[in-house]
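Please go over the structures that come below.
One chain, subunit A, links the two complexes that follow: it is found with subunit B in the first and with subunit C in the second.
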Partner chain A sequence: MINKIFSKSLLLFTSFSSGLVFSIFFLLGYICLDLFTLLDISNFLSFDWDVQKDHYGILTMLFTTIVISFLALILTFIFSFCICSTIFLSKSKILILFLEKTVLLMSAIPTIIYAFAALFTIVPFISSYKPSSTLSILVASIVLSLLLIPTMSLIFLNIFRTLAKKYQRVCMNLGLSAEDFFFKFVIKNAYKNIIQGVILALSRAIGDTMIVLMLAGNALSFPISVFDSGRTLTSHIALIFANDYDSMAFKAIFLCAFLLLSSNFLLIMIIKSIKVK
Partner chain B sequence: MKYTFFKLLFLVFSFFAMSLVYLLLLFVIFKGVSSISLEMIFSDTNVLDAILLKQRVFDGIFPAIVGTLMLIVLSMSFAIIFGLSSGIYLSIFARGKVKSFLNICFELLATVPSIVVGLFFLLLSIYLHKRYLDNFLPSLLLSSLALCVLILPYIVKNTQLSLDQIPKNIRLLGLNLGFNSMQNLIFILLPYCSKELLSGLFLALGRACEDTAVIMLTGAVASAGVATTIFSKYEALPFYIYYISNEYSDQSELNSAFGAALILLIIAISLFVLTNLLQKRIRKKYD
Partner chain C sequence: MKKLLLALLCSVSLSFGSVESFSGLEGSLNIAGGTAHIKCEKEAIKNIMRKHSNISITIAGGGSGIGIKQVSSGLINLANSGRKPTDSEIKKGDLKLFRFAVDGIGIVLNPKNPISNLTTKQLQDIFSAKIVNYKELGLKSAPINLYTRDESSATRKVFWKKALKKSDIAKSARVISSNAAMKTAIKNDPNAIGILSLGMIDDSVKAVSINGIYPSLENVKNSSYTVARGLYLLSSGEPKVLAKTYIDYLRSIEGAKIVSKYGFIAVDK
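Up next is the complex of A and B:
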């Protein structure tokens, strides 16, 4: 009897906490639908955000989000792949330990610390080369790429090690060197997991707020080069919310939030649909 | 030999990334250590009086430190209740389709961007405040609820995994001696994997203390002093750093932000070290 009550009460807690994700999704979706009854949908799908003129286009922010995420993703992929390959191929134990511990440590560093430190180191460095640009998309993507390294590296390392554990002896017996094994066997067989890692990192890149808010400059104009400043969806939400709650601008940011949420869900569904061995 | 070029390339890029990370870290540590002082934390208030909350601190970062700690404790206590019970249910009672559905729910919850969680709770407080609850404004309580949602998936996943990896003989031990499954859980399984649970909690704590986007929308402000009730606004370290980096007017304010960054870094790294120590012990147990 008491056993049943116990398991039922656990179920209650579980269903409450798992239902949260749906309540977030549907509440935001409901508000977006409500929004479209107030203003025409074409009003939001433009490149122009101007509260005075009643223009609430969010495509510029969407574009900036995509640009920053992809730039960061390319950098992170290069960094993580190199770090993991070095860990896998190196014979020096000290180097392996150093790299591994640093990657783990990086997962614990607060994002605000990265952003805050970059404000006084990387930003002046870049503007000394290009004086016209201070806070820019480039700086934000570089720092964002550092944030994503642990997410991606841990997945890469995991699959490299799993494959090595299973097949390294066989391949060694067939006469492959450790390098051959890595370049000819591991990379070819790990590509699905590598894609999963990249998508997971992409979903983190899209969702990050503090780095882009502090380093990308938050200009509303459409960015033309990577040295321009830009505003992403997340930083747009963070900057607009302070206005009064009944304004149209405040309601329009729920569209941004809904876009962020649904794109992240889509990415997770893609990860789930990739079949790994 | 033909791969020497690639290996060199890998090494160069790894060192480039590492040097960037350490550059940023050492910059914060160096600047923080050179500017931190008791006066910066407590302003001109008596240290003992400030800690015992007899006297209010106005200029220092002491209220921000207390705010962060209060936030962590509150959100942790919510997250433990919901996270542990969900994890236990998923590992022990849930079966089949229900289990995989719940797993997907928590995976989706883990990917919700933190700013969206913040926005959701802001919205919730606006609606509830208008209709039913007068006190439910952006406050310490609201922030800790939002943070709880953010760290919940980690705790659930960790609890589930650590219960799942208990060997079968220990799992069946209590049941064979006549315990029912609840007693078995409380007296045998949970104590057996207590270290794993603890290390997961520390990991979640680290995530809770660093998040800025959520608390920015749900009640953190630049100057409020030490929060007296859970319904009042509060200060927190990450928000303080963000605020100062936007609005600083002179070098001393900036220095205090560096001090705050150093303290935040120390909190995060000590949680990380604690987690690592625990995990080392866990590995010994299972070997």
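Up next is the complex of A and C:
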């Protein structure tokens, strides 16, 4: 009886939360449709944001969001794969414990701490090599990758260990070394989960605000190098939010929000569509 | 010492309020908005809350635009604004304005930068990215790293209007969301040039003269340095007792001492 009440309550809360998310999604979509009656859609789907000239193009921000997210994702994948491989293959219990605890600790650090620390470490370091580059896409991507490491690493570790628990003894009895078992069996069978981990980390990268706001420089120009400053969709929302409710700039950020939410929906759909054994 | 004398001179017309005027009051007061006000108001709040434990006052940033929006919506009791709200903002939020200080806006550089003066034309060319290297200003070759504030910032609006004479600000300029973050960025970048509230300027950054006039308190006070603005507290409708007492305290002689300590000019109207 208690179980039944509990499961019904869970279902109720889940339906309510899902309904809320979909309501936000449809509300944003409705506001965007209204927006297109005020200005031509081509105005928004351009690379030029200039409030004084009534230009509200958000493609530069979209492009910067994609660049920073993917750059961070590549770095995260390299770091996470190295960490997880070491944890899986190392025979040193101290090293394994140290790496595991470090990853767990990293997941507990607030994003603002990463950004704040980077302002006094990575930013001066990069600008000492390239004086024109201070707050830049590169700095934001590096720091964002640190934020994503726990998300990706914990997913990787979870599947590696699940597979090891099931098959390691059998494979070892067949004469496979630990390295062979890892690279020829675990990786081969875990690639769908690895893709899921990568996509989950990507959705987190796209949605992050604090790190990109503090470190990417927020310039409105189209970035042509990773050393340039750039503005992501999330930073743009945060910076434009303070404008007057009636201004077109304020209304245009609903389109940014709609794009962000749509991209997250799309990524979740991709994760769901990947069939895991 | 000069700052203190100036504050005392300015405060002749100020009322004789003190933290004692909060006696018998209780409750909470939420303030948000402009970031230039924060350091100064924090000290005032500390003085009040130290003596009156049943009063809770919180202060947050966000920028003048956010402050105006939040006070108009009734989310906060008072807003800090570094600019006079527009007529439509005043009408929409039924805003009442209380100016308690005048603040200058300075061009700031990293202390290692040898520049001490810039003309309006040079400023316009630098901020519109027509001049992108210090070599063009007769210095050693180095890129000019331009920093500005976000579009809703009062510091940016006043600077754009009064110092740049409404000339363009380049899109390549890095956009910083608060005065404190601007100071950190300038301090860490030897090639930086940015804008900052005079109240925030200290030894970690270097203020430069515009057309030969240094952005000092004296020059702001005698109007020779014109890139200045009022610092306002805004309420939606008439302020309630606690908010009114807080405003009066900041405009009192005791409040003026705090205001001037943080590099502003105290005023009561």
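Definition applied: the second predicted complex is superposed on the first by the 259 of 277 C-alpha atoms of A that agree within 3 Å, B and C clash if a C-alpha of one lies under 4 Å from a C-alpha of the other, contacts with A are read in each partner's own complex, and residues count from 1 in each chain.
Heads up, the rule we're going with is that contacts are C-beta pairs under 8 Å (C-beta built on N, C-alpha and C of every residue); 3 or more make two chains touch, one makes a residue touch a chain.
All values reported here derive from a predicted model rather than from experimental measurement.
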Subunit A as common anchor, with subunit B and subunit C clashing or fitting: clash
Touching partner for A:Phe120 - first (subunit B), second (subunit C), both, neither: both
Subunit A residues touched by each partner, larger count belonging to subunit B or subunit C: B
Touching partner for A:Pro131 - first (subunit B), second (subunit C), both, neither: second
Partner chain in contact with A:Met106 - subunit B first, subunit C second, else both or neither: first
First, second, both or neither for A:Leu260, with subunit B first and subunit C second: first
Which superposed partner A:Phe16 touches (first subunit B, second subunit C, both, neither): first
Contacts of A:Leu220 with subunit B and subunit C, given as first, second, both or neither: second
Subunit B versus subunit C as contact partner of A:Ile155, first or second or both or neither: neither
Which of subunit B and subunit C A:Ala190 touches, first, second, both or neither: neither
First (subunit B), second (subunit C), both or neither touched by A:Leu62: neither
Contacts on subunit A seen with subunit B and repeated with subunit C across the two complexes: 119-120, 213-214, 238, 241, 245
Complex contact set, residues of subunit B against subunit A: 3, 6-7, 9-14, 16-18, 20-25, 27-28, 31, 81-83, 85-86, 88-90, 93-94, 102, 104-109, 111-117, 119-120, 122-123, 126, 149, 152, 156, 180-182, 206, 209-210, 212-213, 216-217, 238, 241-242, 245-246, 257, 261, 264-265, 268-269, 271-272, 276
Residues of subunit A that touch subunit C when the two form their complex: 49-51, 119-120, 123-124, 127, 131-132, 134-135, 213-214, 217-221, 228-229, 231, 238-246, 249
For the subunit C and subunit A complex, residues of the former touching the latter: 62-66, 69, 86, 88-89, 142-143, 145, 150-152, 170-177, 181, 184-185, 188-192
Partner subunit B, residues of subunit A touching it in the complex: 2-3, 6-7, 9-11, 13-14, 16-22, 24, 27-28, 31, 78-79, 81-83, 85-86, 89-90, 98-99, 102, 104-106, 108-122, 142, 146, 149, 179, 183, 203, 206-210, 213-214, 234, 237-238, 241, 245, 253-254, 257, 260-261, 264-265, 267-268, 272
